[in-house]
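Okay, so chain A shows up in both of these, paired with chain B first and chain C after.
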Partner chain A sequence: MRVHRNLQRLGALGLSLALGWWLWQGVTISPFQGITGPAARYIHGTARDTGAANVVAAILFDYRGFDTLGEASVIYTTVCGVALLFAKRRYRRSSHGLSFIVKRGMALLVPFILLYASSIIVMGHLSPGGGFQGGAVMATVTVLFCVIYGSSFEAARVSPKVKETIESSGALLFTAIGLIGLVTGGAFLTNSAAGFPRGMMGHLVSGGTIPLLNIAVGMKVGAGLSTLFYSMVKILEDPTESSPPEV
Partner chain B sequence: MNPVLAIVAPFLAAFTIPLFFVFRKKWVGTAVILFGVLSALTALFVAAGGEAVTVMGGWQPEVGIALVVDSLTTAFLILASLGFSASLSAAAETFGYGPWRFYVLFFLSWAATNGIILTGDLFNLFVFFEIFSVAAYLVVAYPPRSWQAIEAGFKYLIFGTVGALFLLIGIAYAFMATGQLNMAILARVLPRAPEATLSVVIGCLVVGLFIKSGTVPGHFWLPDAHSSAQTPVSALLSGVFVKVSLYALIRLAFLLFGSADDRVFFVLLLFGTVTLCLGHLMAFQQEDIKRLLAYSTVAQVGTIVIAIGCASSGGVTAAVYHAFNHMAAKMGLFLVSGVLAEDRASRDIAQMGGLFRHRPLFVLAFCLFAASIAGIPPLNGFMSKWFLLVAAAERGALIPAAAVVAGTVLSAAYYLRPITAFFGPAETEPPHHRPHPVTGAIVALLALLCLVLALAPYIGPLKEGLLAVGRDTVNGARYIERVLR
Partner chain C sequence: MSDLFFGLSTVFMVAGLFFAFASVVGVIRFPDVYTRLHASTKALSGGAMMILAGTAFRAAAAGHWPAMVKTLLIAAFLLATNPLASHAIARACYRHGIVPKGTVIDEYAEKIRGDRS
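This part shows the complex of A and B:
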């Protein structure tokens, strides 16, 4: 039995090494001849085409904005699915939270964390950051609530329906901006060609649809990750029960 | 009509159904039906609109993301909208509108399917494959109270993730070698990449699509997922989901792999034949009717992969034609066997006695679908297998052709087992007889579709359309020119 298992491990090791060797052989590092192809276009054209200062944001939300709709929808799908799998379970109270000093400290911090998250979202077209990152920071607030105040605190104050509304509205906002571009500019998610103001580069109002799409993605990701966390909190282990609940 | 609307319409459905649930709970059912009709009609309009190329954001295809409609896309858009509509109607009857999250996932998978079919960008293809797969794992795992469904969904998740990783590595290597993601541009520049890189790109993409489509040796998730899922979901899995990965295989094989290295078609022939034989042999041994149908799907995937491996316009025509036939017949088989298994409260074939007297029309439809999928002349399954045999003979692939013929005999043998059981005597009366008017109507429509498809080679426009799919798909230069015009 033991020999058999070791043989299996050796086989797996050999297979992994062979696969790795194959992938390593395929790596091509051509001598650097300057940036070519779409990458060059992105670097040289971002300011002219979109008015955004952040090239990555311009690629994510303008040149390849359709991919971003898809990626945000992957999160949307996951959230919906996890909520579906745990829909029939009810909340259990995990604990009464930590000491009151921690609770007050957290209460003081929350507005600043939210402010920080909003700034990451709103200034996504100016500096590193954007809807995904800011949304994730926003969701950490609700996770901290659970750790510090116990799992029943947030559920009692923010109904899951509110989060669902925010999440779906964000997704709808993204689609609506895309459709406006389709109507006025001739293609889905058209930015400045559809009349969205390009603005002065470096100003808060610039980049056309990019800040709006950042906000939409921020709503989608922030509310979505929070729902995801609280759906999974439902399968808390209950000390009064003998075994953890089956899923 | 702008092709993007075929993707946006189901997305809108998925994003608004939660709002309906929160604010107007009574309207969820109406919204689901209306959005279903809207999504199907949009896709059909896009398909009817003929060839079109549109780039998101109004950029050039190199910089933005292009959507391309050609005859292959048209065919698969029609297939997807037929399959999704049929499955949605059956699901509405079986589940009601209470589980609204199920419908959100349903519409997300619909949007992703249309996205995979329409996109002309390699990374966008991966993104839509992700949405599609995540939604597929979850609809398989629905409802969460049955542990078999959860286990099947989990298995599908593991396999699907491995497949997605292979796809991602392949796309990353293609991007590393060329700096491009548009499929038309890649078709031009990829053949100039070093041979070692090319082998990784093609190898990873083919392995990823094999796992996603359930080709041997990546098929282990398929029988579990198809048999443990609820009936409307099983029908959807077999009818549409498997075909979407095969669509991607057809598209990439002729656009990217064919021009770079045509040894890939030999690999497709080889694995198609193995899949076909294994699927039929495993189906022969099943006692559970849904597992029998699931292994039969594995065999049909093998048949379609063989057709792609013929590397000719005739082969692609056969592949698309067979995909349609399998969609019509297998969706019908899953829906009928779901109803019959519910009546008996068992999926065991030995328990299925006396069902002909109980539900004669359903059993007759089962016989028609089974005859069609086995390939009894003059039904549609025979027609597409005939196309396939001609293409295989032209290619000189005699062993795969012989395997297809032998598989026909085997599948006739294993489909006779449930049929003899249905007509046989019953020990007890079936305990349940819930009426299924909607499922009955869909089964009737699918049977009609089977008959129409059987006549397709004799109906001028349909025949011309099928042949055009083959011609256009093989002609990669035409696709490239249309996108980069």
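This part shows the complex of A and C:
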């Protein structure tokens, strides 16, 4: 038994040391060491082709924009399916939420969370982040509302209909921006070749369609994920639960 | 001035490491969920915030004022959220029926009972 315990400790020590070594390698590695093939082409050509400072956003919304439309459609389909599956079962009452301290504290924080999410979406072509990430941060507000204040509060603040409308208009905006490329004679989702201004790299207005597509995807993902969470959480509540004392 | 900031940042970072280490020891050694929660909140309130303050001083020593302000904002966010989260966890544990180890007088339970009756 004791030997077994010691072996476990030795294993844990070895795992910690290996992870630490791995982390140290990541810290000390040189960023441009041995990058070849498509990666090198993207790193060197992004600024010239798209004008976006964030290479990942440029690949996601310019070089591989059509794939991103597919990804966003996957989320859209998922939301439609979940909303359809859970549509029938509705309880009138919602949970009572957490204590007064948490409710008050969260009320002070929620505007800043929304501001942060918007900045992630709008600055998607300049800094790490983008529509998917910012939309996910925006959807956490729904999760917080449902957990802390109860899901009827969430439904009263932002009605599910409005969220569905926002999501659908995000999808429409994405497709419309793609169609502009077709209208000007290029391919679907053409960026700077279709006449979108490339701008100065590092400025807010740069990167052509990339910021617009970021906003579209942000609308879609934010509204979609919050609809997803809301439609699943509203059936988990116990309608017979009595109100807890406020302490 | 920047030497002073650099030294201060090192002091803060070492203190933060101490807090993080102490909270790990506490999470392993303490007997029940409440004392462990007490230890684990120190990892964030003491450890992470001190390390962030050290980072802010280091950024100030290098002259990166925007980075300093951002770091301090992150620290303020942690300061605002960490007590809320640990309060919610502790309250949920108590309402689930976990009694703190070695409790003699439980005024909270009496208060809840008084409210119910």
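Simple rule for what comes next: the second predicted complex is superposed on the first by the 195 of 247 C-alpha atoms of A that agree within 3 Å, B and C clash if a C-alpha of one lies under 4 Å from a C-alpha of the other, contacts with A are read in each partner's own complex, and residues count from 1 in each chain.
Basically, a contact is a pair of C-beta atoms (placed from the backbone, for glycine too) under 8 Å apart; a residue touches a chain by one contact, two chains touch by 3 or more.
Everything quoted here is computed from the prediction, not taken from an experiment.
J.: On the A-aligned overlay, A:Gly181 touches which partner chain: chain B = first, chain C = second, or both, or neither?
T.: first
J.: Is A:Thr28 in contact with chain B, with chain C, with both, or with neither (first, second, both, neither)?
T.: The answer is first: A:Thr28 touches chain B but not chain C.
J.: Can A:Ser118 be said to touch chain B (first), chain C (second), both, or neither?
T.: In the superposed model, A:Ser118 contacts neither chain B nor chain C.
J.: Of the two partner chains, chain B (first) and chain C (second), which one does A:Ile101 touch, if any: first, second, both, or neither?
T.: second
J.: Would you check which partner chain A:Ala193 touches, where first means chain B only, second means chain C only, and both and neither mean what they say?
T.: A:Ala193 sits against chain B, while chain C stays out of touch.
J.: So in the superposed three-chain picture, is A:Ser152 touching just chain B, just chain C, both, or none of them (first/second/both/neither)?
T.: The answer is neither, since A:Ser152 touches no partner chain.
J.: One more residue to check, A:Thr140. First (chain B), second (chain C), both or neither?
T.: neither
J.: In this superposition, which partner touches a larger number of chain A residues, chain B or chain C?
T.: On the superposition, B touches more of the residues of chain A.
J.: State which residues of chain A lie in both footprints, the one left by chain B and the one left by chain C.
T.: Of chain A, residues 246-247 contact chain B in one complex and chain C in the other.
J.: Any idea which chain B residues touch chain A in the complex?
T.: 2, 4, 8, 11-12, 14-16, 18-19, 21-22, 54-59, 62-65, 99, 101-102, 104-105, 108, 111-112, 115, 123-124, 127-128, 130-131, 134-135, 137-138, 141-142, 144-145, 147, 150, 169, 173, 176-181, 193-194, 196-197, 199-201, 203
J.: Within the complex, which stretch of chain A touches chain B?
T.: 22-23, 25-28, 36-39, 41-42, 45, 62-67, 69-71, 73-74, 76-78, 80-81, 83-88, 161, 164-165, 167-169, 171-172, 175, 178-179, 181-182, 185-191, 193-194, 246-247
J.: For chain A, which residues count as touching chain C in their complex?
T.: Chain A residues touching chain C: 98-99, 101-102, 105-106, 108-109, 112, 244-247.
J.: In the complex formed with chain A, which residues of chain C make contact?
T.: Per the touch definition, chain C meets chain A at residues 77, 80-81, 83-84, 87-88, 91, 95, 108, 111-112, 115-116.
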